[in-house]
Amino acid sequence: MKFRKILVSVLLVVAMLTSMLSLFSCGGNKVAPEFKMPENGFDISKKVTITFYHTMGANLREVLDAYIVEFNKLYPNIKIEHKQVGGYDDVRKTISTEITVGDQPNIAYCYPDHVALYNMSKAVQTLDVLMNSDKTVKDALGNETIIGLTQEQKDDFIKGYYEEGMQYGDGKMYTLPLSKSTEVLYYNKTFFDEHNLQVPKTWDELEALCAKIKEIDPDCIPLGYDSEANWFITMCEQLGSDYTTANGDNNFIFNNETNRNFVKRFREWYKLGYVTTQEIHGAYTSSLFTMAATEKGNSYMSIGSSAGATHQRPAKVNGAYPFEVGIATVPQMDANNPKVISQGPSLCIFKKSNPQEVLASWLFVKYLTTKVEFQAEFSMASGYIPVIKSVKENPIYADYLNKADGGDFITTLSVKVGLEQENAYYTSPAFNGSSVARDQVGYLIQRCFVATWKDSEVDAKIKAEFDKAVKECKYQIGK
Amino acid sequence: MVESKHRWKAWLYLAPAIILLLIFTVWPIINTLHMSVQEGYNQSLAVAGHEFEYGFGNFERVIEYDNFITCLKNTMILCVLTVPLSTILALVIAVCLNSIKPLSRFLQTIYFLPYVTNSIAIGMVFAAMFNIVGNNIGNENELITTAGIINNVIEFFGGDPVNWINAGSSYWANITVMTIYIVWNALPFKILILLGGLQSVNKQYYDAAKVDGTSRFRVFTKITVPLLSPMIAYVVITGFIGGFKEYSSIVGIFGEKMGPTGADGSLNTMVGFIYNAIESQQGTASAAALILFGIIFIVTMINLYVSKKKTHY
Amino acid sequence: MKIVLQNLTKIFPSRNKKVKDEVVAVSDFTFEIPDGKLIGLLGPSGCGKSTTLYMISGLQKPSGGKIFFGDDDVTGLSAENRGVGLVFQNYALYPHMTVKQNILFPLQNLKGKDKLPKDVMIERAYTAAKLVQIDNLMDRKPSELSGGQQQRVAIARALVKMPKVLLLDEPLSNLDARLRLQTREEIRRIQKETGITTIFVTHDQEEAMSISDLIVVMKLGVVQQIGAPQDVYDDPTNLFVAKFLGTPPINVFDGRVEGEKLYIGDAAVLDVPGVSDQPVTVGIRPEGFNIDPNGTFVCNLQNVEIMGRDVSVVSTNEASLNPVIRSIVNSDNKIEMGETVTFSLKSHKVFLFSKEDESRIYF
Amino acid sequence: MADNMNVTLQEKDLKKVGVAQRISGVFAKILCYAFLFLIAIIVLFPFYWMIISSLKTLAEYKLPVPTLFPKEIVWHNYVEAFDAANLGTLFKNTVIVGIVSTILSLIITVLSAFAFARLEFKGKNALFAALLATMMIPGELFTITNYQTVSMFNWKDTYTVLIVPFLVSVFYIYLLRQNFLQIPNELYLAAKVDGTSDIKYLWKVMIPLALPTLISITILKMMGAWNSYMWPKLVTSNPNMELITNGLRNAYSDVSGETNFPVQMAAVAIVSAPLFLVFLFLRKYIMKGVSRSGIKG
């Protein structure tokens, strides 16, 4: 009796475990197949529901909702469910977990490194077959348009933003930009005018300017640079030196003489008290920039996100801003061939076994990225830069841009500057590990700046820090 | 005992728990083991149908890694500092609380509050308290624009501000802050347990000691501590297990870079290491988790062995 | 060392703050305890005997009155400065220490010039242990000892620092009957050997009477009577004391005095010269009865219990306040089993108490 | 022995001893209170900080020199926090999940603890030891696998997925078993002799006696529901299915996506308030339960 009971229970447990094991391990390849354009194109009679993950705050969701209504006038059969999934990292984490069970959304906010991660599971749909399709679709209002993008539409995108979708090393298009930001140089216009200072266009000019400002106000730090990583990557781009590559076995090629030299140069600036960064300072450098000039440690320039313009504006004193803020393109190596970083979300589409879903997703992505009114309103609501040039011709948006100033309409000013440098945007390669590289070069700068080394050993130490960063990058991606 | 012929009944009572545990605990453990022996296992690749070789490469990778040694060291240091400190502090607080009448309940309630509150904000608050905002700390261009409240207090008493957690701060300053934060976090539970223990100690032991003219210190060391030894063993063991799982408190203060600016990762812990790897290298993460499990297991066994020798009755 | 208690009073404040309801645990206790005696504090639970003991030890502070050890006023001193040894009811042996460590503990507390060298401490511990005959158990833990052994350890621990006063709180209550007899003799012996003034608390009158030099009977915080056990037994000051002492307990009757004669029921049972006419409560010790066919006190015989040397006669009477009357007579008396039994009374075993305040009426 | 009596007393001035001992007693008390109050301030400071931060403007919050009291009290932060995060629905979800999971968890825990404490079966100790060993594994590692499991069951976006995976806690079983073991086995035998069924015995005897532990399990479980963050976020894609803590992070970013910390702090305060209140009212039970369960460890 006894033994039978035990036997039965043991057998039960074993059976359960094996059944579970087999259930899970047969999972194998859960990825939906590559999209193939259906013979008849998009079927507007069948209902499809598509999900969209993003990070929009409440005010942006309002804009989105309004345009979903508009979109549904064209395609009443496409139901859009959208959800704010925390911040960008939350989106990445959620989706990468969902991919493991084939449960990913249709469309998501993405950064290049997210796409690289999803791509390891081959989950992201390349857009080429969609955006180059010349099949037509007839919407509910009776207009017949091609499913893909017209050449005109393609050309309308700001080039640097558009090319971000193609930097995955295989020449294919994975994402379309939605709204963008960049880094800009904020400067204390009042102070500059007062002391007759010129806004620096190059790093050499900046260095000279910092020296000058230090003479005027020895207790200041002339420049605050928020993102160490952006600084490093932008310098690579401006100098034409290697940073990373999406191809080959060795992705991390930033350990080179040129890069070590600029790190060494900026380290000297830091030691001279010319510059500080967000991490070293312990808060956004805008807090130094907006500080009263009488206080110790304030700064007169700040390089930060164009989307954070309102934080670069000093608080009103007696109803007036204590100084006017000016915004300019960040300093360059070659002012005639400027390079500025592009940030902000793009949209990617995930593979699904139902091609109609993919098509519907594409139509929505196309709508959001090419609809002038949406791009204009979204930009005005968010302070981000629209991704298509024709937005500027929109009368409401043109009006908006005209209001730009260094006070109440500082956001507009930052967008305006962002639009003016439309030819300067670059993108860096995206691959599994591109975000690791980004983190590591940021840490690299922090470490080099903060460390106290003897003059004689600086070169060797910087080299050692570069070696360490590369080693760490390789480890993190499993090499 | 009874019930020998109704053995199936016990299994019936246990069935719900066992079934759920099999699905949500045992199976993940098996899966973890499985992942840990597939070299370079990566969920994203696995989803795409990639096959991995079996072997112990993941374990080798973990152990050979410099940063893992750092994590191990940090974890050990934090354990060795925080567990005795929080236990002793909790013991002193409990003894003080037990010796007073007015306000005792009120103070008990206050000490317990951290136990019932949402901890998201607390790390930020501590970081703000120890913060220094400034530039070029530690050289001739030093420009501190503000010091956190702790430094304000230090300056008020005439001391020099300490760079606790910002760029250029020393490892031991960081460890000090972490120790304070972790101890703060650990206190409520320990106070509660030890106070409960104290209150269940027969008062006559103290009367007897008083009649014998025992000094307060001797009462504490010779009577209170030995009588509380089972409770102390309990909080020490749980403290060590918790200490080895330390992670979120460090994120709370230093952020996910796990260290002050310029020394990223210098305060990383074993769990932090696992988290780093869990997104992109599940094989390595699994191996590290198993290693952590092994270490916790050994430490707990040592603790149990010691406490068996040291606790009385 | 003699101990003097002067108007010692202890009032516990009421638990409930709103209702003023304080408890007087000990009221106005004045007594001089002679040096080197064994004193039993006796009374039912809640009579204040333990409180008195704790006040003498210094663990509780009196609300009023004074305590002297010898000529020194120790009222303001706390326990550790009084040099007393205290044995707790449940011994309070430290469970984590061996017998030896327990006994050594008080010695290790000594500081400064009182500090003893280690070998002296151990010698003293062994002396104390020998005294209570546990020197062979020194390395055991309290949990490995029997109740009686634990009791001895507790006494040894109290004695080892050579206290001026040894205080024992219900020392025998946790022991079984056989051990109790043995241990109380032991306590007596130890007290005799050391000559330390010893006070012990008990609710068991037999225990108190058997070993004490003096007993103090207490009731509701008030001292009823103090004296040598036999004196208190033979000459109780009130009904409470009379009832509290003696096994079998005293027989109590409703009675009255008329014309200097004591009547129980209708029978005049005893001459009580000098007592005015009044209703009284009569107490007769069991041994106060004589089987006497010529006696005047007639009771209904119920049972005769032969106890060897003595015979216990169980009878009833309408005037009896106890359910039965228990009288103990010499077994030489032949008792004929009939309906009734007739007694005459020994006058020195008969006590009269006032109906009003239960105080003794002497005759 | 009496001759050797300790004579120190006579040598000292008795009054001096009395006064000295009183002073040292008072001094110790003062020291004790001072220490306890210091600790209390340290413990309370972060809460104070949370509340004042929740009443500041974003600009003031970001001041480099933090202010100890808001210059301008912004109650509106609380309104904003409540409105923006859909807190009403999240409250409701949390309460439902908290109550259902607590009840089910209690039933499962009681049954298992009873089996471990009172019934005899082969492999009991081995099984119990195995369960205890699982407590040492960092739970985060389970997430990936569990996520796959619930997705396979198609449980996403249901209450089930928020409740079921965490119903069994080895720790609670352990606590309750220890508590049950404190109850004399004679009671069980007596009940058996009287023909009482196991369930009736559990209900009438064991549960009332183990009430403090059960209460503390209830509280811990409720707190768990209240504080769970990662899992609900992972397994819900419908914002109406999220739990309260998820609401803390999502909704308080301003235009540029930067977190509005004062509003977030206000949300934290709102979210913490119910736990605080429950604690203040049930303090006795909670502390007794938690400490009792601890003592028997």
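The first chain written gets the first letter, and so on, giving A, B, C and D; residue counts start at 1 in each chain.
Rule of thumb we're sticking to: a contact is a pair of C-beta atoms (placed from the backbone, for glycine too) under 8 Å apart; a residue touches a chain by one contact, two chains touch by 3 or more.
Note that the structure is a prediction, hence the values are computed from the model and not measured.
S.K.: So, comparing C-alpha centroids, which chain is the farthest one from chain A?
M.R.: The most remote chain is C.
S.K.: Measure off the straight-line distance from the CA centroid of chain B to the CA centroid of chain C, and report it in whole Å.
M.R.: 58
S.K.: Please work out the Cα centroid separation of chain C and chain D, and write it as a whole number of Å.
M.R.: Here the centre of chain D sits 53 Å away from the centre of chain C.
S.K.: Where the CA atoms of chain A average out and where those of chain B average out, how many Å apart are those spots?
M.R.: Chain centroid spacing, chain A to chain B, equals 36 Å.
S.K.: So what's the Cα centroid distance for chain A and chain C, whole Å?
M.R.: 92
S.K.: Got the chain C residues that touch at least 2 other chains?
M.R.: 78, 81, 161
S.K.: Tell me, which residues of chain D touch at least two other chains?
M.R.: Residues 64, 122, 144, 149 of chain D each touch two or more of the other chains.
S.K.: Residues touching two or more other chains, restricted to chain A: which are they?
M.R.: 2, 24, 100, 283, 287-288, 291
S.K.: Name the touching chain pairs, would you?
M.R.: Every pair of chains in contact is listed here: A-B, A-D, B-C, B-D, C-D.
S.K.: Provide the residue numbers of chain D that touch chain B in the complex, in ascending order.
M.R.: 28-29, 32-33, 35-37, 39-40, 42-47, 49-50, 53, 64-66, 68, 107-109, 111-112, 114-116, 118-122, 124, 127, 131, 133-138, 140-142, 144-146, 149, 164-168, 170, 173, 185, 188-189, 192, 198, 223, 226-227, 245, 248, 261, 265, 268, 271-272, 275-276, 278-280, 283, 286-288, 290-292, 294-295, 297
S.K.: Tell me, which parts of chain A touch chain B in their complex?
M.R.: Where chain A meets chain B, its residues are 2, 5, 9, 13, 16-17, 20-21, 24, 28-31, 93, 96, 99-100, 102, 117-118, 120-123, 219, 221, 270-273, 276, 279-283, 287-288, 291, 295-297, 432, 439, 443, 446-447, 449-452, 472, 475-478.
S.K.: Considering only the defined contacts, which chain C positions touch chain D in the complex?
M.R.: 1, 36, 69, 72-74, 76-78, 81-83, 114, 127, 131, 159, 161-164, 193-196
S.K.: Going by the contact rule set out above, which residues of chain B touch chain A in the complex?
M.R.: 7-8, 11, 19, 22-23, 26-27, 30-31, 40, 42-49, 65, 67, 131-136, 138-139, 141, 143-145, 166-168, 257, 261-265, 276, 279-281, 284
S.K.: Taking the touch rule as given, give the residues of chain D at its contact with chain C in the complex, in rising order.
M.R.: Per the stated touch rule, the residues are 1-2, 4-6, 8-10, 12, 14-15, 17-18, 21-22.
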